[in-house]
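Each chain gets a letter, A, B, C, D, E and F, in the order it is written, and its residues are counted from 1.
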Amino acid sequence: MGENEIWDGTFRQDGRTCDQTRAIKIQRGFTNAAGSVLISSGNTVALCTASVVEETPSWMKREGETVRGWLTAEYRMLPGSTKIRKPRQDRPDGRATEIQRLVGRSLRAVFDAEALGPRTVYLDCDVLQADGGTRTLCISGAFVALVDAINSIRASLPDPARYPLRDSVSAVSVGIVQGTTMLDLCYVEDFAAEVDMNVVMTGSGRFVEIQGTGEESTFDEEQLGSLLALAKRGNAHIAKLQREALGGAWPFAE
Amino acid sequence: MGENEIWDGTFRQDGRTCDQTRAIKIQRGFTNAAGSVLISSGNTVALCTASVVEETPSWMKREGETVRGWLTAEYRMLPGSTKIRKPRQDRPDGRATEIQRLVGRSLRAVFDAEALGPRTVYLDCDVLQADGGTRTLCISGAFVALVDAINSIRASLPDPARYPLRDSVSAVSVGIVQGTTMLDLCYVEDFAAEVDMNVVMTGSGRFVEIQGTGEESTFDEEQLGSLLALAKRGNAHIAKLQREALGGAWPFAE
Amino acid sequence: MGENEIWDGTFRQDGRTCDQTRAIKIQRGFTNAAGSVLISSGNTVALCTASVVEETPSWMKREGETVRGWLTAEYRMLPGSTKIRKPRQDRPDGRATEIQRLVGRSLRAVFDAEALGPRTVYLDCDVLQADGGTRTLCISGAFVALVDAINSIRASLPDPARYPLRDSVSAVSVGIVQGTTMLDLCYVEDFAAEVDMNVVMTGSGRFVEIQGTGEESTFDEEQLGSLLALAKRGNAHIAKLQREALGGAWPFAE
Amino acid sequence: MGENEIWDGTFRQDGRTCDQTRAIKIQRGFTNAAGSVLISSGNTVALCTASVVEETPSWMKREGETVRGWLTAEYRMLPGSTKIRKPRQDRPDGRATEIQRLVGRSLRAVFDAEALGPRTVYLDCDVLQADGGTRTLCISGAFVALVDAINSIRASLPDPARYPLRDSVSAVSVGIVQGTTMLDLCYVEDFAAEVDMNVVMTGSGRFVEIQGTGEESTFDEEQLGSLLALAKRGNAHIAKLQREALGGAWPFAE
Amino acid sequence: MGENEIWDGTFRQDGRTCDQTRAIKIQRGFTNAAGSVLISSGNTVALCTASVVEETPSWMKREGETVRGWLTAEYRMLPGSTKIRKPRQDRPDGRATEIQRLVGRSLRAVFDAEALGPRTVYLDCDVLQADGGTRTLCISGAFVALVDAINSIRASLPDPARYPLRDSVSAVSVGIVQGTTMLDLCYVEDFAAEVDMNVVMTGSGRFVEIQGTGEESTFDEEQLGSLLALAKRGNAHIAKLQREALGGAWPFAE
Amino acid sequence: MGENEIWDGTFRQDGRTCDQTRAIKIQRGFTNAAGSVLISSGNTVALCTASVVEETPSWMKREGETVRGWLTAEYRMLPGSTKIRKPRQDRPDGRATEIQRLVGRSLRAVFDAEALGPRTVYLDCDVLQADGGTRTLCISGAFVALVDAINSIRASLPDPARYPLRDSVSAVSVGIVQGTTMLDLCYVEDFAAEVDMNVVMTGSGRFVEIQGTGEESTFDEEQLGSLLALAKRGNAHIAKLQREALGGAWPFAE
């Protein structure tokens, strides 16, 4: 896709071309949790912590599961994360429920439950500042926190030679705004989008989850193709940043 | 995809080939609600009712919206719908929340909120018997109930010449089971699937929503292509059945 | 009571005489639950399913009960069951709580908890269409579903010679409308009634439960007598229909 | 009923004959609420307060009701009211829901909503000590508190000549214990009863509500007759005590 | 503090001087609970019951605690306890939560958990009439109920020679109203107070808890000194009344 | 207090003397909320945001209040803030309720509700890392965030010459650990403390709130004196840091 033929640099408010993500920063060890990552993409900022609890969920115990572990995620937005304060809710609302299920599923796709042993990793994604793309940013940040958390218990894994993750995972949003395909939508772009798609991929370029939806609109196969191409580009970029951030903690062979 | 080269008719428990849906039945007017559709695909049975309430949601009123209407959906499984009784839950659980948001979004993609006027259509999808594919079946059934409900108030629409729906909507599940791409998965197939995808489309063949997820697995672009091809075939079949069921109530030009 | 001396056939909107029930239909096996009965009386329609769970409630276990089983009921109205959509509620509201307790008590009156063995039967009564008399109709339908559910586990009962039910149970509403005693009130009649009474009886003609209430009104002993006489007539009719519906599944000796 | 032929005075633990209530005490003005009655029958003790709120429920306002008032009741047992402490519950449980609906209905049967004017009377029944018969005792106590509360606003009633109550209301329990019909059952009697019936009546001897239920048992017409006869006797006694307690506050003509 | 230099006896509505409490009455054995105390200070009236449950909380069991017991408190206001009816709340509101935690902490300060053995004492404080100072009155009443409850199980304590309480506990409110320091504030005084302080003390004159707060105001060290002096005086008075009320049940040596 | 006579620098795990706070850092503008302060004391870290909502609470509107504004606080601990993950709770638990009420009261003590105008300031205190003293740290941080938030709407205050705060507010914990009085307790110290006291003060040295509690223990007047002396020292230090952090934004005259 040759978007620089179509757009000049001023099209997006922050001067990006359509195939660029915002500036993404990944800070490990933000707090003392086993994994604690402050991740930002432009003005969207999330704290992703990974905590290991030496217990499996009650439904696993009821099923007599004693070997495998579990991985689950929770997602919330802090009240001060939005311009207009977002009231706290007793329980995750519909949107938060949907997102935290997505985060959990995405990481479980590369997760080896037996290699973890009978314990649970909680991925807590708390959005500190929201400007679009919070769910995909949380997936990308949660992966890094998850690696740090697993590394912190590496000595006590059932089989030291079997790492509980098979691949890295990242996610990015793509969308069609006024007919143009764009990568990593900020809030105003997302709000204006006709089609919004979140694409979760592995470091090796396979799809984990695709959620594309016409926002009071529909889309055809060609548009789908453009969106997926852009998402692959974005995810490759993020995967590279995850690897750089993890440095020597990177758990996979070259 | 030439699945009959690969499979003999006995592969799927009910003798279907991989590109066939189960037998789908649509019964309109099951109860007295404005729209009331009993829809089944094999052993999956849902009652989809559409009710018109002459009021808009409180958040619309707060925003000063006086012209547009709203369309929303709720989804539940009756306790007796599963072999092992499913306890009622105080609120929709995470899965039901996700599904009812999907049903609502899918129908709103073809919905003209201004043409409805300041009222709300509720789509209530209650699964009476569950054997896989309940969410997609509910979307297909809800569309038919929605048409009946809108037709029941046609005389009081703001502009009789402007129908509140732009197109029909149907949905079907596809998946990869033991490496094979299949249409309209029943429960045992769904449970065994590596990849599960729900595809919502319009009668004119455009995508409304794609939700594909690797179930503790991932998938590549070629597999995605096969899945989408099969989903288009399934949706075309269901769209035809919807049209037949609605008969003279079909609201769109030929 | 000689109501045809007082009323002409046109008095009740559907042409019934005062001592007639509406047309009652009982359809067994509506879904795959152990017992699944679609029952209707005129425009009131309910789905009564009976599910057997091989576990007793936690309060029974706490009390060290290991021999007896339990039978409980839940009652809800689907949102589309009423002309004006009835919003779903997080928990059963006061009325639903009252009704589901009545349904459970009524069936437990003929229930032999020891003969069932340490398991639970859930009777789920979901009203699909409401036009008065839903609680009594659910009792009558639940009995039939209960028989089917028990028969489905007959081989695993503690003592094959000891059937877990002692008698059949049915229920009907009676009331006084504008001074006239009537059987099986539909919604408009119920709404207009000065006195409303639900009478649950066994197939052998004994009372299980009587709930009579003056609706912002009171009643005397003579009126009570007329109401009970009519209720006996109605219940005898329903008991006969239950027996016909069950056919060879009828568990009691002639 | 000649129960003294059957029983000697020692049959009931407290030496009563079968047609006697326990000692009933009614203390008005226990606290400063508009109506505040401490009522006891033997070891069952309840505080019934009646509060007038100058507002009608939101559902009445929505219906445009501006003339009529409302009367509602709430029922709870204090944790220390039972030998084994009864944990507080977030919401009224099924039993409390059923009871508070009964209390409200019972008083509304003699209530003139228009004569009260657009305000609400709340009847709060809190059981301080429970030994059977709490629901009927609360009805009898709530009536006295209600009169005091209404009298406290008598000057501001829409029409001073139209009193908002048409009659007095009392209630008593009757039951069949080991084949014997008894009045005003205490807890151990209630627990052992085959049939339990709560009968609410007016001071002039008309029925307000009859709730009779076989406790895992059934009953016939003759037993019903005996129970009602005893209930009439008990209610006449309580009505007399209510009148004595109210003295000059008694609102009805001789 | 020389408040009679400043105030004449008519300053406070009920004729008290600033260093007097209201008339305090303590009635033991109000109901049949193990401890049941009706306590009042002027128009503030509370029922404090103490119940012993032969079980420890689940969190203690999880921690493997098998020797120590637990003591906890609950606080509520009955709806009729205030002039304007106080609606019941599903759960304790913020204020009630704060109060019941204070009551529990206060009694636990003199509580010997090991001497009680592995059981739980519940202190239920239900305000029947509220006129200021409910939380401190409940602490003073709960102590008396607690002694009665412990005495009722004295024979089954692990070590008869080791009483589970080390000292008595009482509480009183003090405040600064229009610049004047006052003891045991009634509602109108509390409402007008610039500074409000609740002081919990032992019978031997040590502090258990001090909660002083400027109500949209602040205070200095000298004012703090005056408040504490008055609180000591009030608590000494209440401790004497507690001892008189308990008489021979008083558990401590002279 | 001459604690260096008693303690050598190694007594406290972090080498502090008993009258030292931990290292306190205040970072303004951490996110884009009107006020957004990341504050830490040693390993305790909280994000305090202040958001202005142009609306007053519903209870203020009901009371017809149109001139004054409101200030309220919410407190939560993120799941990853503690070594052992702290599960999210539907609602603030008892401890969080108590804390958020304290934070709100503390800031309201210096708050001029009329000077703010009819709007609400929300102070959201989310603990990112917990090592003792979270509630006092949140008060100190919330004050700084509150100033930034008020300054952001300074142009629209009812009277530009009347600042909505009268003084600064800070808070610090003090306690007695193994007989020694200490300032700013970290978690292990707090856990071991016999007496724990939170002291909220103004910048000018007046008390806002004192909450001292014997943890299963009691304390005397001399100990109270030592604790308050230390708290004054700590609060003076924090007040100085708040002023430095605010720099030119400091709203009060020298």
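Here is the rule we go by: contacts are C-beta pairs under 8 Å (C-beta built on N, C-alpha and C of every residue); 3 or more make two chains touch, one makes a residue touch a chain.
Remember, predicted model here, so these are calculated numbers, not experimental data.
Asker: So which of E-F, D-E or C-D is the twin of B-C, meaning more than half of its contact pairs are the same residue numbers?
Answerer: D-E
Asker: Express in whole angstrom the distance between the two chain centres, defined as the mean CA positions of subunit A and subunit F.
Answerer: 34
Asker: Could you give the separation in Å between the centres of subunit C and subunit F, each centre being the mean of its C-alpha atoms?
Answerer: Those two chain centres are 61 Å apart.
Asker: Mind checking the centre-to-centre distance between subunit B and subunit F? Centres are C-alpha means, answer in whole Å.
Answerer: 52
Asker: Please set out, as single numbers or ranges, the residues of subunit F touching at least two other chains.
Answerer: Subunit F, residues with two or more chain partners: 91.
Asker: Could you give me the chain order round the ring, subunit A to subunit B and onward?
Answerer: In ring order from subunit A, with subunit B immediately after, the list is A, B, C, D, E, F.
Asker: What part of subunit C is in contact with subunit D in the complex they form?
Answerer: Those in contact with subunit D are residues 91, 94-95, 97-98, 100-101, 105, 108-111, 167, 202, 206-221, 224, 228.
Asker: For the complex, give me every residue of subunit F touching subunit A.
Answerer: Against subunit A, subunit F makes touches at 30-33, 36, 43, 45, 47, 49-51, 53, 74, 76, 78-81, 83-85, 88, 90-91, 122, 124, 126, 128-129.
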